[in-house]
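Two complexes follow with subunit A in common, the first pairing it with subunit B and the second with subunit C.
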Partner chain A sequence: MSTLRARSPVSYLLALPAALWMLAALIVPTIFIVWVSFWATRTFSLASPLALINYAKFFSRSTYVKLLVDTVQQSLLLMAITLVLGYCIAYFIVVKVRRPQLQLWLFLLLVVPFWTSALIRTIAWIPFLGVTGVINQALLFLGVVDQPVSAFLYSLTGITLAQVSFYTLLATGPVAYTLRNVPPSLREAAQCLKATPLHVFWRITFPLTLPGVVIGQILVFLNVMADFATASAIGGNKYAFLGNLVILLYDSGQLPFASVIAVLLMLCMLGGVAVLLKMVDIRRLGVA
Partner chain B sequence: MAEHDLELKHVTKRFGTFVAVNDLSLVVEPGQFICLLGPSGCGKTTTLRLIAGLEEADAGEIRIAGARVNATPPWQRDIAMMFQDFALFPHMTVERQVGFGLEMLKRRKDEIRRRVREILTTFEIAPLAARKPDTLSGGQRQRVALARALITEPRILLLDEPIGSLDFSLREAVMLELKDVQRRLGISFVWVTHDQNEAFSLGDRVVVMNHARIEQVGRPEEIFERPRTRFVATFVQGHNVLDGAVESVEGEQVRVRTPVGGFVVPARELPPPPPGTTVSFSVRAELLTERPGPEHGNRVRATCHAVEYLGSVRRYDLRLPDGRSVKYEQFAAAAARIAEGAEVTLGWRPDEGVLHLPADGRT
Partner chain C sequence: MIDWRTRQTLVTGALGAVTVLFLAYQWLPMLTMALLSFTGPDGGPTFPMRGVSLHWYRELARVQMVDDFKPPMFRSLVLALACSVTTAALALAAAQAIRARFRGSNPFFYLVLLGIMAPGLLVGFGVAVVTRILGIPLAWYTTTFAVHVVWTLPFGFLTLLAAFNRFDVRLEEAALTLGANRWRAFWRVTFPLVLPGVIGAGLFGFTLSYDEFARSLFSTGSEQTLPLVIFAQFDRQLQPTLYAIGTVTTVVSLVTVALFSLLYRIVRQRTRTLANETT
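Now for the complex of A and B:
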């Protein structure tokens, strides 16, 4: 079937199963959530009117709006940290480590935690962060502090630490991929054209890996925006993001209001991705 | 100008246990066109990278314009380099690309713009200024790479197989153009190639390398007419190499016994090796004759195996009694031709052979 032309009837037919699946699993539920968010009453009947009352309720309470701002802020913070950290790790593994064998091992080291369940990874942080946890024991042993620091567990610091550890890989992978596609001869050519290593990085290496950077940032952004498990396990009940609020409202049966927040979350994500994609043409990924 | 443009003194480079460049010494005078010629893996590209500063020498000294540069990074050396794949920056327009070197040297914006325009005009690529590399043809890329390398007016331009990736039909024209550029600018070129035609038609001097060492340095004619080692004679096309042992020394000539007969070979500047020494010598394909006269003292029987017609010459592939192949080139206009399968006597004058350095007496 190598002669299959795009937009021929056959090609549409072949795309049908996937399209149906997308429709059932993604499009219909999304439409449904949007619809529910306009319900004016808590329980549904076809006669009940649609209204903006739920949205009005969200924006009239500053606690809810602050939660939205906090969530976006946390995402931006995580993006900034994982960008620098992820890029450094990718650069080290791809450019500085020359032996392919060692490269592979380092990469596995990075990926293996990602294969374990998110729940286990989250819970695993608790013995690290607690008052009698590994970090505090180490700090006490080294004499950096004379009393255990309680700010790690059940705090934003703890949540951020855990999220950085979960999501750095997402920022590292795409960068490593694009970095590998930059021929070393480009860096060498730049050096022979009087560019210092710093100039080589900012003028050659970084621009050529920008698609990888942006894709990594999109992945981190979407994951942090949607992350509720880390906040509830490590933040205790003291910290919450929009995702936590959705769960809370869902559990208490306030479906329309939960949908409002879900819709707002989706809009933020779409907006963020749109902004990031404006920055670079990711279809150029791997074109070096 | 008393100082050399470039001087390598006993330079050695190892990668692990592999010796890529072994005790290499070489001098390049201002304005010289030097070709490093050798098979792949002989160390010619590593030598070039050592000069550029992209590799660090393990031993020896590298001097550019008299100053030792062993510890100088590439961006501070007075060189430019053209890479085999041109290494154009895919995200920069031709204009940006060519101006990159000046930008790194912190030249003023208007100066950069003016000089880029000048050099683009010189290389006839001004209309491409706004294009990106992936929209350029091979020949255009090559010109952009050259303009980019030359704009900083380096003392030495290093070229790593600069026309190897071009279409065959383009190569000759590009070769002549590069030679012309080199003459006009008067800067030194160090050109790495595995193609002897490139090396011989371009180089003021040719450096033949093998196994990390220099086999011979000389003008193209010297390399071609007097290959110093057995390797040079086999690597450079057009030579017939024979192996044997010295039978006797007669003044400046030696008599060499080979499986296909005895031959007289001049020792020339070499001290004649004592009888019994294992030696090799070569004689050029076009110096043979199939109708030897009294002056052609060296003779050998051969059977014609194949004939190649190359326009102005006819090249015969003949077989000696021991099965070895011998090449013989004859002007195509010559009256007598050798038919395939015919047996002939090939002869050459005793002073036409070239005795090689003994295998252990490397430079």
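Now for the complex of A and C:
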């Protein structure tokens, strides 16, 4: 018995506002993007005939295709870095730190930046990366280099440095969550049976946290694929990803071509998520 | 071969070093920004600092025309408040509906969660396309609001699902057995018990909307929200004023989180005492 009978008609009424909101502001716009991407005209025109001309244009220019490859490449790079870094951090905080008080503080230090503006955090990286920036001044001071390195600001290195600081949390969180649900007794049992620590990790701990790893990787993948602010703020005009191209085309009024990029971006994201989900049964997450 | 105890210590030390270094790496830019915002009137956007002053904060308060951050900040706060209330209300209704396991509740669950997965830039772009075709004007209190809730609702929804999963259903059953009707039982028993979850949903609604940039980019009209104005100013010129406004909005975000957590703790404490008294 509950305040709502099973399959009560009231439940439809309760679900309706949220469902309508998501349909109107998420599903319908997506359908419109797909529709507009088939418009054969260059600019906005409702009477436009439908054709694949804009898709052909995308795949016939190597600059556009290269942008797609660059975007996917950057996502893969970030996934690799955040996977290792995120796992180490989660493992340290959840398994190695024994004092709950310290655990809480480390966790807060890790999570609190999530509650602040990503844009401000991006801007905050600028004084670090420039020729007269903090990194260069530190390197000069330590004598590592004798001339300032200009490779940080307006470069892929700078973009990657900033992205790692934003997105590692997304990989850490789900791993920490699954790691907390692995009983320490499992590890102890394996150790009693003479398994080496490395063996224990790869045969017991890692497989049990795999759902968390995959969720984290999905979040990092989706965020890096759609990231444009880091590239435009730190990369200057020199570096761009697909998201930046959507903005550029929208600003110059080429709505159909911008939609093509948006559709391709969404397809890549869906494909990536499908591949990642193949690796693990997501419904096991709660049980692991 | 080193013995296992030394090896264990080495591993722990290495992992600890990675964690501490990462935390420093994550926090240093923000702290540097805060520090640089107090540079003197002749100071530039990077080190060395030229004196210490509140010049750039005074500048924030003084400027009236182009770079006035006050109206956008007001808009962002109002928008965040609206998103907070809407998220809490819609998420509460949606999570309660899911409990009834109605036909189609599975697709409904995924429909709501899609809001987290969908790339912000493209959701905003899609809404801009729709409004262009249908001839609806863009405005921060209509289109931006709609797009922000798509982002905040799933977070609130998950928070409330967790709250409904945790609470003791027997309390609800007791109320119904004692003759309360379902409406009354919900508001007198269920709602107070999941209230901490409702507050959590409200927090997500507020902060995620307040800081949102990507989703607002295409969906906002000429009256822009704070992140948009900050980005426009950043695009023109990097000045210490940006560090000042950045520090101010970061403090606003953190104070909001602190206030909500305080409220959450108070309510949870009260809920626990209530639940203990009745059982």
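Just so it is clear, the second predicted complex is superposed on the first by the 267 of 288 C-alpha atoms of A that agree within 3 Å, B and C clash if a C-alpha of one lies under 4 Å from a C-alpha of the other, contacts with A are read in each partner's own complex, and residues count from 1 in each chain.
In the analysis below, a contact is a pair of C-beta atoms (placed from the backbone, for glycine too) under 8 Å apart; a residue touches a chain by one contact, two chains touch by 3 or more.
Computed from a predicted structure; not experimentally measured.
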Joint occupancy of subunit A by subunit B and subunit C, clash or fit: fit
Which superposed partner A:Ala226 touches (first subunit B, second subunit C, both, neither): second
Which partner reaches more residues of subunit A (counting touched residues only), subunit B or subunit C: C
Subunit A-centred angle between subunit C and subunit B, computed on Cα centres after superposition, in steps of 10 °: 80
Which of subunit B and subunit C A:Leu76 touches, first, second, both or neither: neither
Partner chain in contact with A:Leu267 - subunit B first, subunit C second, else both or neither: neither
First, second, both or neither for A:Ala40, with subunit B first and subunit C second: neither
Which superposed partner A:Ala24 touches (first subunit B, second subunit C, both, neither): second
Closest approach of subunit C to subunit B (Cα atoms, Å): 6
Overlapping contact positions on subunit A, where the subunit C interface meets the subunit B interface: none
Sites on subunit C touched by subunit A in the complex: 4, 7-8, 11-12, 15-16, 18-19, 22-23, 25-30, 32-33, 36, 45-47, 90-91, 93-94, 96-103, 105, 108, 111-112, 114-115, 117-123, 125-130, 132-133, 146-147, 149-150, 153, 157, 169, 172-173, 176-177, 182, 185-186, 189-190, 207, 210-211, 213-214, 217-218, 227, 230-231, 234, 238, 242-243, 246, 249-250, 253-254, 257
Complex contact set, residues of subunit A against subunit C: 1-8, 10-15, 17-19, 21-30, 32-33, 36, 44, 46, 85, 88-89, 91-93, 96, 106, 109-110, 112-113, 115-121, 123-128, 130, 132-134, 137, 164-165, 168, 197, 222, 225-226, 228-229, 233, 243, 246-247, 250, 255, 258-259, 262, 265-266, 269, 273
Complex interface listing, subunit B residues touching subunit A: 52-54, 73-76, 79-81, 83-85, 87-91, 100-101, 104-105, 134, 148-149, 152, 158
Sites on subunit A touched by subunit B in the complex: 183, 185-186, 188-196, 199, 203-204, 207-208, 287-288
